[in-house]
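Next come two complexes, and both contain chain A; in the first it sits with chain B, in the second with chain C.
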Partner chain A sequence: MTLYVLRRLGQTIAMLWGLTIIVFALLQLAPGGPEEYLVPNNLTDPGQKQRIIHQLGLDQPMLTQYWHWLTEIVRGDFGTAYSYGQPVLKVIASRLAPTLELQVVVILLSIAVAIPIGVIAAVRRYSGVDHVVTTASLFGLSMPNFWFALLLILLFSVKLQWLPAYGNGSGLLLGSIPYFVLPTLVLGLALVPWYARFMRASMIETLQQDHIRTARAQGISERRIVFRQALKPSILPVLTIVGLSLPLLVCGSVIVESIFAWPGLGRLAYDSIVRQDFPLVMGLAVLTGGFVMLANLVVDLLYTVIDPRVVYG
Partner chain B sequence: MTRDVQFTRREAISLFSLAALTGAAGLAGCSSDGSSKTATAGGSCTDTAIKLGTNGDCQNINPILAVDSDGYWRTDLMFDPMVLIDPKSLAPVPNLAKKWDISTDGKTYTFTLDPRAKFQDGSPLTSRDVEFTIMSMLDPGYTGPFQTYWARLEGADAVIKGSAKTLPGLQTPDDHTIKMVLSQPYAGFLTVIARQLKPLPAHLLEGKGPLTTSSPFSQRPVGSGQYQFKNWARGNLFAADANARYWQGAPCMKSITQTIIPDMNTLNQALVSGQLDASIVPPPSALPQLRQDSALHVYEVAPQYAEGLWFNLQRAPFKGNAKLRQAIAAGVDFVAFQKQFMYIKDPTPSSFYSYASWAYDAKAAAVPQYDPERAKSLLVEAGHPGGQGVEFEIITNAGNAYRAQEQTYVQAQLQKLGLKVSVKQSEWGDFISSVTKGNFDVAAISIGSAIPDPTALDFAFVTNGAINYGKYSNPEVDRLLAEAGAATDQAKRKELYSRVQAILAQDLPLIPSAWYPNYLVIKKTFGNVDPAVIGPYWNIGKYSSI
Partner chain C sequence: MSEPVLAGPLVAESPPQVSARRRAVQRFVGNRLALVSAIYIGVLAVVAALATAIAPYDYAAQDITKALQPPRSGHLLGTDEFGRDVLSRMIAGSRVSLTVGVLSVLLVLLVGVTIGLVAGYLRRWDGPLMRVVDIFMSIPDFMLLLLLIALFGSGSWKIVIFIGLSAWMSTARLVRGQVLRLREMEFVMASECLGARPGRVMRKDLLRNVLDVIMVQATLSISLVILLESGLSYLGLGAQPPTPSWGNMLAEGRDFLSQAWWIATFPGLAIFCTVMAFNFVGDGIRDALDVRM
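And now, the complex of A and B:
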């Protein structure tokens, strides 16, 4: 197991390095440059642009710029974001908490809602309940989240004035709960159907296994069969899907964060890409890429906990 | 700040370029519903606070590095400009400089600082601070936008090149006197240059190297203004509190918070729901709804910028063919477009200088108006009967819904005349790069207003001007603009600018397609609201609760 973990960590570092090369190359290939966003719209002093280019080192050869960045990042210095004038890590840290808070709430609530729904739909397959769940899932997966968000704002913020239209309050404090409601509903609208459908399918397959038939033959109650014997093995595929959602923890959602003015990493990533803020984009790529890879490793290791038959050599 | 759902943030925050510099004689504070030009006076100043909404954050709140309208406005809150602009007359009025003298040759300005002025840390503001600020902007490593302003001082070139450390054109005979000597007279010195001069505290910054975006001072500035910095969460919100010890008296409005809401629909709904108190960027499509809202007041103010279709005069089919450009102007109904898509009730005629500018000459600035038959005749005169052989592309930046609509509208109208028009949108960086490199046929991009001074537009029309995107060149225009920029008599200047506008109306280097009014939407619970062309929030310190 130790060897497996070390091997995966080695692969992670290699993949991250490759990721930085690809991201850097793409940024260099994109037309325009970050200096276009650091000067007035109607620029009357062309010299300003040249001075900025020189100050930021953008007049250096591409490889020199990359090498400089790489050597700094190995020392833990992610550089200074052009458009913020602040260290990249500080900028990312300021946006990480709001994204984590929202996404953790969304994922946990989605799991809490989706698993019972999926179990019920599986146990009562083809019933009215199952059809409602299926239809609702289809609705949730098909509904454009930006439109749904605006509808919710119109209803709950403007008409009813129950909930705020924007902002994140003071973070995860009691008084800020109203700020979480609408964004959670919007993001959950896509996740809940996804988890529920997988839970349903996985539960159906498990309920058809031989050991379940044996348990029924032994007279064990259906409730006990579902919750004691079928649920645990059925959760494994759902765990995989949840693992695929983990990137949301750090990537956020550009659309939802823009609509609700949620100061998260999604918006930050979008803005930094549009502005070609090289240090910030590269920093985000390294941190989010590293997180996703490590998160996948953790999920893989969790399999061994849930199912002892899974062994990595 | 933007007026439509999908203006890019950059587009948005540039819409009020130099907003705080401008004024409009007799046109300030017009309200769309026909109510009085100023809001109810009086009200309380106790525990007053206002929450503003905008859809784009500024780059910098350091007054010598600010590059956009939000940056100018926020630095106006925290720092004192040398002079202000009267919202009604457009004339410079004393502020930090309580008086000034101008030599007869128009080159020497002697300012006397108000001895009461002091920074928020209690230190007095003296001529040393003014000198330090100007020298910072002439530093070879300076990366802000104002170096060309101060390059006008005698001896500035040597300082910029790094071969001199002192500036003959800047003298400080005592703590409250500054003498500035220009190498050439410049009529806009007070209203354009001095208006943007907001002295920095030399005692906090001297010896700490050139100021950049990363400098601690740029993150937490200390000024002499009526508001002091409280918080700036980049991309999220900006907050400032009243300076209780402000040397001109503490402002009535005690707290200002400006929240960035990228989505225009959300911003609009936040206004309607009451979560926000005011905004100057309502989407045009929301204006009818906002005007009906009994809790909100919608003010309409004279425009500070126009949308423009710039022709590339270095390449076919527009090179050397003014008749073709005139045919295009006559072939598109921009008035109908403004009414239908921009919700402008009374569109103003197309002109190169804003109608709010004293230099505006309605008769001279007769850009061809919509007349399809005239357009067809002009096409014949241009050598392209029925539009034969005319094919071009209109480019603009992505995310600007107005310009996207304008592109397709113009395309459709010109195709009726037989012209082949294609459209393209690209990200701002790519777009502006194409424009500045001359890699376009027609570019949809804005032009400023000539407020407070028409010299602000010189860069758009002089040969090789920095924002002369189409590379227009007319020696007569160059001569007239140079003469008007140096003259001191306003009547004489006005006559010169009239001649310039008449030539531009014929040469048509660009079509100013729409002068878009500025709007301020604000709750009726605020008093002393008086938006003007010099800035919708220009007197926000006087806002009260009623």
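And now, the complex of A and C:
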């Protein structure tokens, strides 16, 4: 177990390193080279530009540059987000909480909704309920989230005036709940069908296994079989899917956070592109990628805790 | 005497020789949702191909005197804030969505299938290639797209390449998984024993047997790519005005939602229907070919 954890940790670090190589290579390949992107373009004094190029080490050979950049990253210094005039890390840290709050709410609610749906569809396989669930989930997966968001805003914010259309109601505590409703609905619309499909498939597979047949042969009621024996092993694969959906939520929230003016990472990513703030864009790519890698590591390790049968060599 | 009596009906009732392909097509046609969706996509493709020839107006022609007119006989889907015909713009927009969708997926297939085949068949490459897949998979799709757009700029053609570069991973994984199973089968071993080189085995034996899976994956991927493209266009990072795309039309209509619902609603509906159609067709092909993904 310790060996597995160590190996998995080593893999994650190697992948993080690979990620920095990809981002760095892309920057080198971009037209104009790094100085086009990393030096603020609103400088009028050419001397100042030269000074910044020297300061950032952009006049050094490529490998030296990469090494410099890498060591800075390891030290937690992603450079300065010049459209904010603050260190990249500080800007990103200030936007982390709203995104995480929203994501945690969305993921937990989606799981809570998807698991019963998946179980019902699996238990009543090929019934009317199952067909409705399957078709409805295709509806959800096909809905462009930005359009769904606009329709919700039109109905609940403009026409009915029940819910706020933008912001996250920061500092309002309980009062901020209405702000979560619409973004959660929009993000959940894509997640619930996804989770429910996996839950259904996983449940169907579990229900075909020998220990379930044995339980049936013993005359245990179907309800008890589903809830006591089949539910737990079926939820495990869904956990992996939840891990896989973490990047989806960070990316999905670029659109959703932009629409609802949610002050999180997604909106920051969008703003950083519009403002052409490249240190920020690169920092976000490395950090969100790293975040997802770590999250996957945690999910993998959780797996061994929840299911003792899973042993990694 | 009984012999010829028995032989007659037996011969007549022996099942007609139908190829697996043909049976798959029959199953697909029997799936009403998939069939209707396929017809919808066909019609849409024709519309997109003819575009300017069948559009009632020039999609860029402005007529301020006719701005924000609701749908009626002259302008079936109404006009936008510049008096441009929404239907004509949607027809022009279908071109962007379909071309970007199909071309991106072709690129996705080219990259994903090649990497999947190599990783699945050549053990030496499996580890390194799959780590690269893992790295790319950990960058949120959208973040990678945004990074590429930030560094290399935007526009429909670039979007095709960017999406191709940021969405090939699941295809690679899928193909690799299939190849891992196939490479242990006798026909592959037979090929190897006959002295076929790895390149030939991959092209002739393995690729041919993963085509079904690839077809399903490709159809389902188109729907994802259309969503991605329209999302980017909605944010103003995809197809650039004045080129109309369903995504940027929706964005333009956003500000007129309460006074002119039709500007944003019809493009939204078009994206929704098209994505769903590709999903239904993909599911239909999967069921018809009985593919396990």
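The rule is short, and it goes like this: the second predicted complex is superposed on the first by the 261 of 313 C-alpha atoms of A that agree within 3 Å, B and C clash if a C-alpha of one lies under 4 Å from a C-alpha of the other, contacts with A are read in each partner's own complex, and residues count from 1 in each chain.
Just so we're on the same page, contacts are C-beta pairs under 8 Å (C-beta built on N, C-alpha and C of every residue); 3 or more make two chains touch, one makes a residue touch a chain.
From a predicted model like this one, the values you see are computed outputs, not experimental measurements.
*Asks:* Look at A:M143 in the shared chain and tell me whether it touches chain B only, chain C only, both, or neither; answer first, second, both or neither.
*Replies:* In the superposition, A:M143 contacts chain C only.
*Asks:* Between chain B and chain C, whom does A:R267 touch in the aligned arrangement: first, second, both, or neither?
*Replies:* first
*Asks:* Give one of first, second, both or neither to describe whether A:N296 is in contact with chain B, with chain C, with both, or with none.
*Replies:* Second partner only, chain C.
*Asks:* Output check: A:L109 vs chain B and chain C. Expected answer is one of first, second, both, neither. What do you get?
*Replies:* After superposition on chain A, A:L109 lies in contact with neither partner.
*Asks:* For A:S258, select first, second, both or neither according to whether it touches chain B, chain C, the two together, or no partner.
*Replies:* both
*Asks:* Looking at the overlay, what does A:L26 touch: chain B (first), chain C (second), both, or neither?
*Replies:* second
*Asks:* Determine, under the contact definition given at the top, whether A:M282 touches first (chain B), second (chain C), both, or neither.
*Replies:* Only chain C is touched by A:M282; chain B is not.
*Asks:* Looking at the overlay, does A:L89 come into contact with chain B only (first), chain C only (second), both, or neither?
*Replies:* Touch partners of A:L89: none, neither chain B nor chain C.
*Asks:* Identify the partner contact of A:A97: answer first if only chain B is touched, second if only chain C is, both if each is, neither if none is.
*Replies:* neither
*Asks:* So chain A touches chain B in one structure and chain C in the other; where do those two contact lists coincide?
*Replies:* Chain A residues touching both partners: 30-31, 37, 150, 153-154, 158, 258, 276.
*Asks:* Can you tell me which positions in chain B touch chain A when the two form their complex?
*Replies:* 8-11, 14, 17, 59-60, 67-68, 141-148, 212-215, 218-219, 233-236, 259-263, 265-267, 269-270, 272-275, 426-434, 436, 446-448, 459-460, 466-467
*Asks:* Which bits of chain A are touching chain B when the two form their complex?
*Replies:* 30-34, 36-48, 51-52, 55, 80, 82-86, 91, 94, 150, 153-154, 157-158, 161, 164-167, 258-261, 263, 267-268, 271, 274-276
*Asks:* Per the contact definition, I'd like the list of chain C residues that touch chain A in the complex.
*Replies:* That would be residues 131-132, 134-144, 146-152, 223, 227, 230-231, 234-235, 237, 247, 250, 254, 257-258, 261, 264, 268, 271-272, 275-276, 279-280, 283 of chain C.
*Asks:* Write out the stretch or stretches of chain A touching chain C in their complex.
*Replies:* 11, 14-15, 18-19, 22-23, 26-27, 29-31, 37, 138-139, 141-147, 150-151, 153-154, 158-159, 247-248, 250-252, 254-255, 258, 266, 269-270, 272-273, 276, 278, 281-282, 284-285, 288-290, 292-293, 296
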